[in-house]
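What follows is chain A paired twice: with chain B in the first complex and chain C in the second.
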Partner chain A sequence: MELREKSALNIAFAFAFISTLAVSLVAGGAALGARERALLFWLIMFFSAMSGLSHAFVREEERGTALFLRLSSPPAAVLSAKLLFNLLFFLALQAVIAPLFVFFMEGGVASPAGFAFSALAGGAALASSATVLSAIAAKSGARGSLFTVISFPVMLPVLITAAGATADCIETPGTLAGSETVFLLAFSGAMIAVSYLVFEYIWIDE
Partner chain B sequence: MKHIARLTHIAMPAAVVMAFLFAPAVDVHGETGRLLFFHVPLAWIAALAFAVAGALSIVHLADRSGRWAHLDAKARHSAAIGLAATVLATATGSVWAKMSWGSYWNWDPRETSIIILMLVYIAYFSLDSALAGRGNRGRVASAYLIIAMAAMPFFIFIFPRLFGSLHPRSGSLETDAVTRITLLVSIAAHTLLYLYVFSLKNRVFALEHVTE
Partner chain C sequence: MAETHIYIEGTSLAKGFNGRMIFSGIGIRAAAGSPVAVTGPNGSGKSTLLEILAGLRKPTSGEVRRAPGGAEAIGFMSPRLTLYGELTALELLEFAAKSSGASARALPLLEGFGLSAHGHSRIGSFSTGMLQRLKFITAVINDPPLLFLDEPCSNLDAPGRDAIFKYLRSLQEKKAIVIATNDAAEADFCAGRVGLG
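And then the complex of A and B:
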């Protein structure tokens, strides 16, 4: 479904590109601190990703292909495919946003490898939690707005932690994986494990 | 049910009387420091109600034979009490923060944790109301509670240690024996109150179900 609906992907990437440019333009070359730059980076990532991640299962329900998926594939296979797509989608978004962000924002990054690693860990945490939450949102009536409501409490601490990890990498040379990055990876693992445990109950109607 | 009701009717007035008349005023905060005897038990009830709701949700999903009826509704009842306790714990905590740190809200990791717990409860009830009338209401809402329950230890236990917290940890406050006894009585009384209200809500639900 995602590969057939290319317009949604194009819009997500265009949104990421435009929002990065807009933030850089509004910042206007101001000497922002590491914390502020990390915060802006994750806000761009979050809002760019939300437009794509939230639709993982909603489109299947809207187009009526969810029933076909239920009949043709086991729940674990459906979840694995959606999770993989969301992880790759987030990776592609980061590949667009991170270089643009570093290029346009003043100050540079002290630890580029750590910056990339923290971005990957934060992206994995957001994508893994968003996948199962979008399945829940797809099962309710008020889909678009409800996804924001149910995902925000789960994702907000991830955003705060990811911004902290990224800020460390922006200002401290040689930073690779601090305790915040470990938190994000552990969170991703827990979310993926719980997703596999509960997905069948969300996906299959009695 | 009757025993819980009787014990609650004795324990809650005792806890209130002990908090205001028996325990001494806290050294630094004076009379306002008596909030401690309500803030800590309310935060405990908020966490307990969430754990009970999560545990009931797990059993609801695992119970394929339908042996345990209406566990999803019972989880909802526990979450409702938890939401009320979370609001009250946040309110009493912000007054305590004003006394200790000079402002009502400081974005301390402990404050962030309780506000996230409140958001989880609000999100759960939003989802539950969106699913009203659907056959999968209990299953989907239970699944959300389990996901939130898996995420909460990260926020409650790891998050404050990651960023450092001004909030006193358990055992870090220097208190005398009378204060500690009063606090324990208050926690026990609030736990009984939670059990009483929880069983009352379940009973009302069962009666409504029978009359329908």
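And then the complex of A and C:
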């Protein structure tokens, strides 16, 4: 059903492509450091993904289909489906953005495998936190605004850590899984576990 | 013979929103063979009471007991229920069905409620009356012992209303049914009434 509502997906991919192109043109061939390139990569990823990730539950409440979903599927199944979609969505976005980013920006990637692995870990952390935060924000009247407000303190540390992990892989050959990447994976695991624990209480109407 | 182990019971139910009490002190019991109508003026909380009894909403106070328990025992329809317009009727029923046996009921139910020609049509193209019939089918696709029906016959023509009453009459000995309604015919179908407001 998520794939049938393609407008949000198309917008996210279009935004990602345009942002990557714009950043590379503005950089104008300047030799940016590894840290700067990593930060730009994650900023593009974050803002491209947010429009799609936040809609996981917000759109169900806005369209009024949340009640049907509550009736037809157990809470764990709903959460699993939304989480899986967000993870795959982020993965697909990275598959588009990462090669474009490396192509358009000056300077290669010293450890491509590490870059991919850190990107996956960061993506998992962002997608898992966005899913449960979307479920919380969807229950409020100011859904879109609330999601932005409550996601910022959770996602900012993730973004900073992911940028650090990616910068190491851009700069240092043979880097695969530094402490930052391990942190991102642990964060994802913790976020997913907490989501399953609390989701049933978030999902039911007051 | 009515099934004695199938019932819906609410005791001293109250519900408030934003400091305003919608209803309080409500007791209700619907058992197999004894459907109950919840009546009252607009805004009296009929739909809210139905959602509380179905476990879709929490009461401010009071207790609800259902037998059998579990979400799979519940069939629910409501004007507030919105179906996925991008799915076809058959796809939606496949999604709602909780077993292969339930899935097998989709085509016969569509036929019984005059929607057999629209099984492969997108729900977004359905009229209001067709949607109402499909909502009812969605509520009964799993043959649940507990039925919660909020204005089941609204927006229906005479054949649609007849089909729903015929279906309910054929199964009421095996199901506990609660109907929220302002419609006299729907209320008259029920053995008991609970008035709100």
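By definition in this document, the second predicted complex is superposed on the first by the 204 of 206 C-alpha atoms of A that agree within 3 Å, B and C clash if a C-alpha of one lies under 4 Å from a C-alpha of the other, contacts with A are read in each partner's own complex, and residues count from 1 in each chain.
Please note the rule applied: a contact is a pair of C-beta atoms (placed from the backbone, for glycine too) under 8 Å apart; a residue touches a chain by one contact, two chains touch by 3 or more.
For clarity, every value in this text was computed on a predicted model and none was experimentally measured.
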Touched chain A residues, chain B compared with chain C: B
Chain B versus chain C as contact partner of A:Met191, first or second or both or neither: first
Touching partner for A:Ser179 - first (chain B), second (chain C), both, neither: first
Which of chain B and chain C A:Phe68 touches, first, second, both or neither: second
Chain A positions touched by chain B in one structure and by chain C in the second: 205-206
Chain A - residues contacting chain C, complex: 1, 4-5, 63-65, 67-68, 70-72, 74, 204-206
Chain A contact footprint on chain B (complex, rising order): 61, 112, 116, 119-120, 122-123, 126-127, 130-131, 134-136, 139-140, 142-144, 146-148, 150-151, 154-155, 158-159, 162-163
Complex interface listing, chain A residues touching chain B: 129, 132-133, 136, 139-142, 146, 149-150, 152-154, 156-157, 160-161, 164, 179-180, 183, 186-187, 190-191, 193-195, 197-198, 201-202, 205-206
Of all residues in chain C, those that touch chain A in their complex: 51, 55-58, 71, 74, 76, 78, 80-84, 86-87, 95-96, 98, 138
